[in-house]
Structures are given as structure tokens and as C-alpha cells.
Amino acid sequence: MDIQIGRGKTARRAYGFDEIALVPGQRTLDPSLADTRWRIGGIERDIPIIASAMDGVVDVKMAVRLSQLGAMGVLNLEGIQTRYADPEPILDRIASVGTSEYVPLMQELYAEPIKPELIEQRIQEIKSQGGIAAVSATPVAAAKYGEVIAKAGADLLFIQATVVSTAHLSPDSVTPLDLAQFCQEMPIPVILGNCVTYEVALNLMKAGAAAVLVGIGPGAACTSRGVLGVGVPQATAVADCAAARDDYYHETGNYVPVIADGGLITGGDICKCIACGADGVMIGSPFARAKEAPGRGFHWGMATPSPVLPRGTRIRVGTTGTLEQILVGPAQLDDGTHNLLGALKTSMGTLGAKNIKDMQQVEVVIAPSLLTEGKVYQKAQQLGMGK
Amino acid sequence: MDIQIGRGKTARRAYGFDEIALVPGQRTLDPSLADTRWRIGGIERDIPIIASAMDGVVDVKMAVRLSQLGAMGVLNLEGIQTRYADPEPILDRIASVGTSEYVPLMQELYAEPIKPELIEQRIQEIKSQGGIAAVSATPVAAAKYGEVIAKAGADLLFIQATVVSTAHLSPDSVTPLDLAQFCQEMPIPVILGNCVTYEVALNLMKAGAAAVLVGIGPGAACTSRGVLGVGVPQATAVADCAAARDDYYHETGNYVPVIADGGLITGGDICKCIACGADGVMIGSPFARAKEAPGRGFHWGMATPSPVLPRGTRIRVGTTGTLEQILVGPAQLDDGTHNLLGALKTSMGTLGAKNIKDMQQVEVVIAPSLLTEGKVYQKAQQLGMGK
Amino acid sequence: MDIQIGRGKTARRAYGFDEIALVPGQRTLDPSLADTRWRIGGIERDIPIIASAMDGVVDVKMAVRLSQLGAMGVLNLEGIQTRYADPEPILDRIASVGTSEYVPLMQELYAEPIKPELIEQRIQEIKSQGGIAAVSATPVAAAKYGEVIAKAGADLLFIQATVVSTAHLSPDSVTPLDLAQFCQEMPIPVILGNCVTYEVALNLMKAGAAAVLVGIGPGAACTSRGVLGVGVPQATAVADCAAARDDYYHETGNYVPVIADGGLITGGDICKCIACGADGVMIGSPFARAKEAPGRGFHWGMATPSPVLPRGTRIRVGTTGTLEQILVGPAQLDDGTHNLLGALKTSMGTLGAKNIKDMQQVEVVIAPSLLTEGKVYQKAQQLGMGK
Amino acid sequence: MDIQIGRGKTARRAYGFDEIALVPGQRTLDPSLADTRWRIGGIERDIPIIASAMDGVVDVKMAVRLSQLGAMGVLNLEGIQTRYADPEPILDRIASVGTSEYVPLMQELYAEPIKPELIEQRIQEIKSQGGIAAVSATPVAAAKYGEVIAKAGADLLFIQATVVSTAHLSPDSVTPLDLAQFCQEMPIPVILGNCVTYEVALNLMKAGAAAVLVGIGPGAACTSRGVLGVGVPQATAVADCAAARDDYYHETGNYVPVIADGGLITGGDICKCIACGADGVMIGSPFARAKEAPGRGFHWGMATPSPVLPRGTRIRVGTTGTLEQILVGPAQLDDGTHNLLGALKTSMGTLGAKNIKDMQQVEVVIAPSLLTEGKVYQKAQQLGMGK
């Protein structure tokens, strides 16, 4: 499998979603018969889609609405929502600032300290409206606020860092979070991520993860690959981590879902993700385009506010419809960004997949959607630029 | 042949037409000696090109004119032509609406019911003017209107869905169309599609298809790959299905032509298609550019009107010449979109192919026409942007 | 070596110049020591570069000037120069017409008959000014005007068609040119082309070719691949035909040079061409940019005037310097399009190649110059579009 | 490993940095624990980054400032700084001239002779301000000014040519520089480059190089590949030369660092470079964007001034921050061009690499960052061009 980069280095070829497509088999299915249910941390959901813990994507209102629609949203506990009692004027400022002032503004806004009482308040706001209170924290914040989170009644805790490992080396002055111990002591299910390899996914499962998040470097608002050189294309990362899940399940009988996180924009991306082995997906930018989204038509990465090395670009995604249209339709756009559930069900019908486990087995081909001359020609036609 | 995407998933590399080119052999031929005749459902045609069953491409007038020129057009029986007694003002509206109002308008226009009497009338209009009445329907409509179609005197029936299979699972409330039974009972030849694999093509042939349509996801007005993640690049799909045709022929003595459908724009694309094994091609956008085309310079996919998940973009293709110029020349454009028959004959001459069967055997190379720096440079020069 | 496109079809991967680069070895050389001489049809030249037989590139004046500078130009005997006694106003019209009127104008202009007396006159004009009279004709014209050409005192005759073979099938009414017989009977050396495969190159050498032209489909002003689907990337085509030359030489002791024709724009392209095995190159668009070029800043393919299937786009290449600057420098541009000889000598020095035969042996790597994100970034910077 | 280009030619696939990415392992590390120290020619530096010997990048002031910050800059001894006592007005002219006058101006400015007393003066200016006096010269200039350089108290001498070899053939009138003899006789460490292969890197080490520069053709301001066809993508070149270093070390016990030079723009590029085996990197354009850079927002290649074959494009890189921000942060840009050291340390932490030797061993995947349709879509969104 190894390809020689040079005499001193070999590497494996990894694939992204833009490089694959799904192949219909001998069976088709009416989309209404496609069963998209899944379970995470003991909670069953109708739609295997989670909204990312990003400040432009999920606030209390979004978390509640997503729960009502059969999906779920994760609230970022280290963002605007827990630093400011009234986040609205802050979000207004982020949306109105120019490109050159953006990074300094974010560095300033995120310098405001996190308030434990706001953590509690946001969780209770979601719960009181009947929503699923899924929240996220970095390892450092999880150690600090774990108790508050649990007490406030959160349903699920996502511990997320760009890259997470069970063997983190910290300076002597700092006691690193022991993920295994934390998972054991925490009274609610803990989801861990992000990872991209079989070995780390397996380690996280062994540490007690209720689910594992997969994806480093592929997201629209993430510039990890440019800044750090780090990243694995998602099709390969998901397939590897799904293999870890299956092996772990065969050994222990414990099924730990794999959630693909980052780089997914269209319904087609979600379908391909599951076909590579994911149980669910976490998406940001598609939901940032909802009328209800806190980002006001903008989307930004959570590494942005770093005071020394910001690396999440703000993207103007625009507002294209209601959350309902985006998630369950009916679609008013024909580009794959509306009615994500409908797209998944139609794809499953087309591919003859009755449920998510079936969908994980469908045939895949490597078929790069590169920009060929022919496609540029088509695009030109599409834009009315035909000769 | 299998490439590992990740530990849990392998895939095969599939190729599109943009990635291949044809190699001249040791023999050349005067283009006038190239014989392009073929047969479908007992009907012999001089030109192996069929106009797609799309509302912007084929109406009664186009079907008749295409027949006269030696080709054929398929009339969509679930579109504007059978929903409206006078389709002209409807087509005017589609052509005049802005991009943002397009999807809702289409959803509205296609909500108008199909009228059986218009099905009958359109078929008879084509027949009375001496045209070949080839018509298309989805499996559901074929079940419903099959009898009307046959009685009205249609010559060929195309049953088309994005993906068709002989093992379709429907909700209990619906009796799915049994394709084998339908083909047997229908008094006229039935063409089935679309498929992309050897197995499904073989199943459709066994079910009694008079020809098989190949192509999922590649068309200009089709966004299946973005919305559903589904699709196989055409060179691979055509070669696979052509192998099914040859195996079926060797077993049964019954030769079922393979028609490549979707993603073909230039004469070169048509030539490459046949070189990969197709007997004929079905094309939409090149004909949508004809003065006679009902689309008035626009072209749109038939999945567009879906009330819940529209996925066929409207493309402004412009009007570049008469149908005659586009099909048999003389060409007034030098980009491969005029005189498609001349291009095919010249290519056959260049490659030394006396007939379609010869053309199916010519040598192919993998030669991606990717946008390299050099090509961008050339393009820039072409546009007068040389430094 | 064969890759499966689909079950019914295998293909070989072919490479273009944009996909390769040259690797320096353990030896370097002062460029002044690089010997670029070569021989074609008994004529020795200092520079292995020939100007294409295209109406925008070579007229009498260009042919003479190229000869003086150590290179050579080929006059197209079926173009403007032999149809019109005074070509200047005709060339003015071609340069001044708009894009939409271009194809019809060319079809009209090239309908004017060829005059044998102008063939004679042009050859004598070149000879009387001390130039090498290299001329080109299609097989049909070669049969018709061969005697005139020889009598007029031409030095070399290039017989060129998009694709040439020694086994051409014509309608009964036409006697095809027997290339072997023609080469034998013609009192001057005959160069044959174009071809792209080992077998055809070998056949042409056996037929008596004094040199073989290699290249189908790759040129800037050529749209063969789009219109006909036909073409082989140049690096592969050149290497294959060079192998035929070497095998033929080993068998017969007769060294028949291989000339790469088409798709070459920069000095780097020329260097890569020779590194793949070419003895010389034929280029069009770089010379079309000379002040002295008849095209007045335009360049067009010779298949353009076809009355039924035009397929050579007109490109505005602009005028960037004198022929001397372009061919032997000094350069005033830093993009590889000025001082082509200097580029070749510098490249040979860098690669330690003392002469053309050495240069044919240098190491090559496959290194696609695809448009990656990084390169787009660089380009953006170059254009002053840095963030 | 060899791929057939054609019958007469095989080649190896080489990889560039745009085609690879780094894979996190089972261990992570707090970035503050990442040790980035390295040694070159007996000098220890905290940061393994060297500023290129280019006139738009390093002058005396930059060399001093880079030394203070823990890095190093190399002063070009054949540029503006040693031809003009007061370089400032000259640099102003270069920055203010238009694109078309640029090449002739450079040819004129670099025709001014080099003054040995300015070589001495510049070195002493750096030393007197506490900087490391690293200087560069071509082989010819090194032979001529070697003694002056040593006497003036330079710390390191870089001998650089596009391609350097230990077996250079010169005209009889010229005595070529014997690199081995020169390294032996020179009282200060001599760094040699550039090379791209295992064999040449090994030869340079045997000749006594204190370090080896790797990189031909990949730089932003370098057009060698277009003009000469010469170049090897950096990931492969670095890995090959690093293998030579390791083999040479195992044989002799002498560790000769490998410095990647050219084509590096972001922090991610630097990280990937070291992961392929480099000990340090030499970068130009990122530093040309510093407020302190002599280029005033421009960057140009040192082959530009060639009187006969200029081949280094001037790029407007803009001015984006102070040298400190670019090198050690804090960053005000999120695109990987600010805080290069922070990016390296964060990447090392993410990858669990405690030091440069660890970083050279991290896992690499082949993951082309090609411009796919999906990425164009993302980019369009980023630019606010979402539908």
C-alpha cells in the first residue's frame, strides 16, 4: 500500500469525498422506506445529523429547533454564549466587521472570560424548551467545568480539540486531562474527538467514548492544513475509524458510533460519509445558512480566536432558507444544500439501503470530480458564457 | 483492481470521458466511407444519436425533424407537453423567469396533472408528420399510461428513472412495476434505464429491454452527484454495460444496444462514448441549443420539478444554429458542438473504423484533460490575456 | 501496463508535457558548451526548431529569416500564400474580423483555388533570398502538386494531415496517395506526419520518410480532441515514436529524426520534448507572437477552413518581440517564451547534456503541474491579489 | 517504481508539498514543549528557518533582526547591496517600475559591477550589530571574493546556483570552481546548493558542505520549470536528500543538515518539509511581506537580472505585518503566513513531535489539495458568491 515519496519516506494515498461517488446496486427502494434512525449516548434520533459546536451555527434556539426536527445541535461552551449574558450584540459586531479587522476583533471578544453561571443557564434554557442539551468543551475546559455541566443537566458532552489523544504530554505545571478517568467519572455520556486514524479512534473507544468524532483539517472554516500541514482527507479517515469501531464492537460488544465532522456541505457529502462507514455526521456551514442561525449569514472556525495563532477563516455563507427547509425540506434550492434528510433518504432508496448499516456497505468508486476542461465548459454554459 | 479508501472500504477507480482520448491505429479511412447506421427496437437509423426526453429539448416538431435527419428524439410524456394543451406560453414563462424564482415556478407548473388525451394527441401528431414516435415515462407513469401509449401508436417506449432496477421495494400501499412483465405485455419495444453496472444492465436485458440506457450522475443539467452522492463516470459505466451486452448476446443471440445517456456535449464525447462500447448516445444540451428547440436557449433536468427535492439545474445554453447544423452540419462553430455526425464520421475515418462495431474496438488512452498551468496559459492567450 | 476502464475496455496511461519535469544529474555544463545541431533530410541546422506550416506563422519573409537565424520555417502550400497573389490584405481581414464572423470568413477565403504558379513563385522567393525552402502539403495536394514543388526547387516537402497512415482507404472514385511510392519518386526529401504511435511511426519510416512528425491533438490552435475525441499526450507519443526511430536505426542504419509537433509553448516544453526523445520540434504559437509573423498577433489552426467541420480555433497571441528575440534572445520576457535557444542551451547545461543525443537521455520525473490550491495562492500573489 | 512514459522512456513519480499532509499519531504534546532548535555550521539557532539570499528579502537590517529573533538571514553578495553604496533609491525604483519595464530595468541595474569593499562593509555592518553574517555567492563569485568574505569575518558562506554539481564542465578559457578544494581552504563553513537528488547531495557532502540546500524549480519567484523544463517537486527532493544525509552520517559520523529551499509559503509548508526529512528551511516570499523587508512589498528571483535569459518573475506580495509577527507572532492573519514558529510548534504538538528529529519521522499521507469542484464551491462561498 505504501508509495515512495522519496528514498527516506513512504506514504499512503488518502481519499477525500470529492474523489468518490456511490454506485447503485441491483436493488432500489422507495425513499419513504429508508430508515435513518441512529443512537448516540443512549439517545435515539431520526436524523443522523448533528450541528457543529460553532458560534455561528448553534445557540439555544437552534439547539431546541434541531431537537424538535429529529436532529441535534451542540452548544459550544467556550464561545460567545458563555462569555456574554447577551450574545446578540456581539454576534452583530462579528457579522458587521470588515475582513481586515476580523481577526483582531475575534481575539478581543474571546478574551472575555467564560462564566460558569452562563454554562448552567444555557443548558437549562435548552432543557426547559424540550431540547437535547448537547454541549462541547476543550479538554482543559472539560476538566474545569465538568461538574457544572453535569449538574446543570446536560445530556451529552462533546470533548473536542483539533486533535485529541489519550497520551497528551503537558508542561510540568499543568495536569493534563485523563480522558479515561474523566469518561468514567462523568455521569453523562462523553463524546471524544477529533481523530483520523484507526489507532487513536480505538484508544478513544477504550477510554470510554460514547462516540468518536472523525475529521482533522477538512472543514470549510478550518485552515489547519495550510497553517499546520496536518490533515487527512475524510473518506479515508472515516473508513479507518469505522474499522476501529467494528473491531472494538467485535471484541467488546460495545458499539461506539463514528461521527464524521468537517468538510461536509451537500447532501451528497453526507451520503458519501455514511457510505464510508460513518454512523452520523456533524456539519457546520450548511446550518450557518439557516435564517435561525446565530451567525447572521457568516460562519467561522473555533480556532479563530486563538490569541497567538488564529486559524479559522470567517466565511460569508449567506442565508438561504429556514432550518426546516435545510434539514427536512421542501427544498427551494437544487444544489444539494436544502432538504438534507430528503437527499439522504433518496440516496438510500437509489442505492437500495434500508437503514444506516446498509448504507455503510454500499459500493464506492474513486471518481475524482476534478475541474476538467469539460467541466469548465459546462460551468461556462451554466453561467450563460457559452461562446 | 481494488484500491483501499481506508481499512474498512475498498473501491475501484472509474473513468470519465474527460479522462480518455482515442488513439489512431495503422489504418485510416475517408470519412465518407464511415458507416454510422444502427438499429434500436427493430428500427434502423443512419445516425446513432437520440435526443433526450427533456422538455427543453424535444417537442413534436423536434421529434419529427430529428426523424427526417436520420436520428430520433424522445418525447417526455410527463412534462409540459402532456400537462398543457398549449405548451408554448408555459415554455415562455420558464425561459423568462429569474434564477431565484425558477425552482418554485417549476414546482408549480409540474403540479398540473398529466392528461391521457394529450399523450395520445402528441404521439399522433408525430406519427402524422412521418416521425418516429419514441416516448418516455417513469415506471409509475408507464404502469398507468402503458395502454394509452401503445394504442396511440407509439413506436418505442423509454422507461426512465434516475436509477432503475428489477428489484424495487415499494411501500405496501403501492404495487411496483414489474419490468419483465411489462416488457412482455407491451406490444411495442421497451427501452429501460438508467443503469451504470454490468449486473443491472444484464438484469434489464433479461427483463426484456429492447435497449439499455447507461448513465447516472454525469449530465450537465443533472446534480445527482452533488445532491445524492450517486454517480459513475461514463467511460467506465458504458464499458461495463457494453460487456453485459456482449455476454448476453453470446448467451442468447439477442443483441440489446447500449445507449450512453448524459454528460455528452461535443462530437468528441460522442466518439469516445462509442469507443467505450456504446451503440448509440442520448444527448440533451447540444440539441437544446438548436433554433427549433422548445427550451428557447435553456436546458433543464427532469428531476427539477420534484416538489421536495429538486435537483436539475436550469442552464442557459444559448441558441447557436439550426438543428441541421448541429446534427449534420455544415458547422459554423469550431468547438465540436456543430455537425455531430460529421465529427463522428471524421473521427471514424481518422481511427480507421468502418462502422460502429469497429469504432467500439479502437484504442483508448487515459489522458486527463485537467486544467494544468500550461492549459490555463493557453486559455489566457486564447482570450487575448497573454502578458 | 493496462488499466481497466471498464469490463469491456482497457487503456494505457499517457502523459503530457505538463505532467513531467527534468532532473539534473551529477554533471553540469556551461551552456556555451551545449551543442544543439541536428540534421533533417541532409540539411544541418544549428537550432532544432521548425516553424509550423500555418498561415499565421510562416510566409516567405519568415522562412528566410528563420533560415538565417539557424532554424527553419515550413510554408503551407494550401493556404493564403498560394491562393492569393497578394496575401497581405487577406491577412488583414483575418486579423480584423470578430469572433462570430471568423469561421464563415475562413470558409470563404479558403474556397479560393490554389494556384500552381504561386506555389512555384513562393518557393523561388525563399530560395532567391537564401532561405531553406521547406514546404508542406496534404496527401491530396502532394499528389497534385508534387512535380511543381520539386521543379520549383524546394528543399524539403512536409506531407501533413491530422493523422497520416500508410493504409488509407478512399472511395472508389479516388486513388489514394501511395506514400512509399511518392517518397521514392520525389527527388527531394519527404517528411511525413502526423502520427502518435510506435507502429505508424515505423511504417512511415519504412515508407521512406526523411523525418516523422509526432503529435495529434495537443496544439493550442487545435481542437481535434474536443471535436473528434482523438489525441495522445505528447510526452508519451514522442517517447513511443522515438523508440520506433531507434529500432528502425538499429535494423537499417538509417536514422530518421522525430519531430514533435504541437502543444509546445515555452522553452521548457521544447526541452522536455527532446528529453522524451525528439530530435527537433515544430512550433507555431511562439512564432506567431513575433513582430514579423504574418498573423498580426493571431494564430489559427489549419483545420479551421474546413467547409463542413471547422476545428482550429483562432487565438489572439499578441506580439511580444522580434523573431530574433523569441528564437535566440536576448529575452525581454521572463516566462519562457523569449530566447528559446538560450533556454535549451541553459537547460542542457543544467542537465549536463553536451548534445541533443545526450539531452534525449536525461532523467524525467512525473510531476504534474496541476492547479493546486497552493499554486492558485501563488498566482493570486503574483497578480497582486494577496489578501 | 518506474512508470512508463512511452516505449523509450520511464520515469518516477515525484511529489510536491501540495500533494501531502501530516497525520497525527497516538501521542500529542503541548506546543510549549516542542523543541525547534537546530545547528548549522557549528551555530545553534532556536528557529530552523533561514531567510533567502534575495534582494527583496535580506539586507543588513533584516539579517540582524532575524538573528535577534532566533533565526537567520543570508545576504546576497551579488545583488543590489554590493553593487550600490546606497541601495535604498535602487530598491525604490524596482518597486515603482511597471511590469513591462521591469525586466530591462533589472538587466540595467545588475550590470553595475560588484564592489569588494561593499562586500566587506555589509558583513561588518551585520557583525557590528550582533547579527550572524551569513552570505551567499555563486560559484564564480565565491572563487573571486572568497578571501574578502572570510577576512571580513563572515560566519557562513552559502554557495548557490540554480543547480550545482561537483562535476561542472566549463569552456577552456575558464577554470571552474573546485567545490571540494574551496570548502577545504575556506576558513568558514560553506553551505552548498541547490540540488534535488540523493547522488548530488551525497557528492556535495563528500565535498565538505556544512549543509546542503535542496530545491530546484519550486519557488514562487522562480520560473525554471517553465523556462528550462527543470525541477523536482520538493517533498520528493527533500526526502531523497535527507536519505543521503542519513547514509553519509552512518558512514562518516558527520551530520550535514539538509535545508529545503524554495516553494514554501505557509507554516504548513514548513511543517511538511521537515516531516519529509529537512533539518531547516530557507524561505523568501513570506519574509518579503515583512514591513522591514527591502523589497517594499515585492519579491523577485535572483535569475531575473540575467542579460540573456531572465527567469525570475517579480511578485507583488504586499506588506502584511512586522518581521516579528511573521516569524514568532502573535499572528494577525489566519492563513498560515503569520507566526511561522507558532505554527511549527503547534503542528509538532499536534503530531506529538518533541524535536526536529521526531518531526522528521511523522506519518505522511498523499492527499492532493487539488482544486476540486467542491473546493471551488467553498471558495465561492468564502468570497460571498454563494448562489
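Order of writing sets the labels: A, B, C and D. Residues in every chain begin at 1.
One rule holds in what follows: contacts are C-beta pairs under 8 Å (C-beta built on N, C-alpha and C of every residue); 3 or more make two chains touch, one makes a residue touch a chain.
Small disclaimer: the values here were computed from a predicted structure and weren't measured.
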{"item": "Equivalent-chain rotation between chain B and chain A, CA atoms, steps of 5 degrees", "value": "90"}
{"item": "Residue-number overlap at the chain A/chain D interface, same or different (half cut)", "value": "different"}
{"item": "Centre distance in Å when chain C and chain D are each reduced to the mean of their C-alpha atoms", "value": "38"}
{"item": "Euclidean distance of C-alpha centroids - chain A vs chain C, Å", "value": "54"}
{"item": "Between chain A and chain D, centroid-to-centroid distance (C-alpha), Å", "value": "38"}
{"item": "Residue list for chain C, restricted to those that touch at least two other chains", "value": "13, 236, 269, 333, 335, 369-371, 375, 387"}
{"item": "In the complex, chain C residues that touch chain B", "value": "3-9, 11-14, 16-19, 103-104, 107, 162-171, 174, 195-197, 199-200, 203, 216-217, 220, 223, 225-233, 236, 265, 269, 285, 289, 304, 307-313, 315-318, 320, 333, 335, 368-371, 375"}
{"item": "Chain D contact footprint on chain C (complex, rising order)", "value": "1, 13, 15, 20-30, 32-33, 198, 235-240, 242-244, 246, 266-272, 275-277, 329-336, 339, 342-343, 346-347, 350-352, 354, 363-367, 369-378, 381-384, 386-387"}
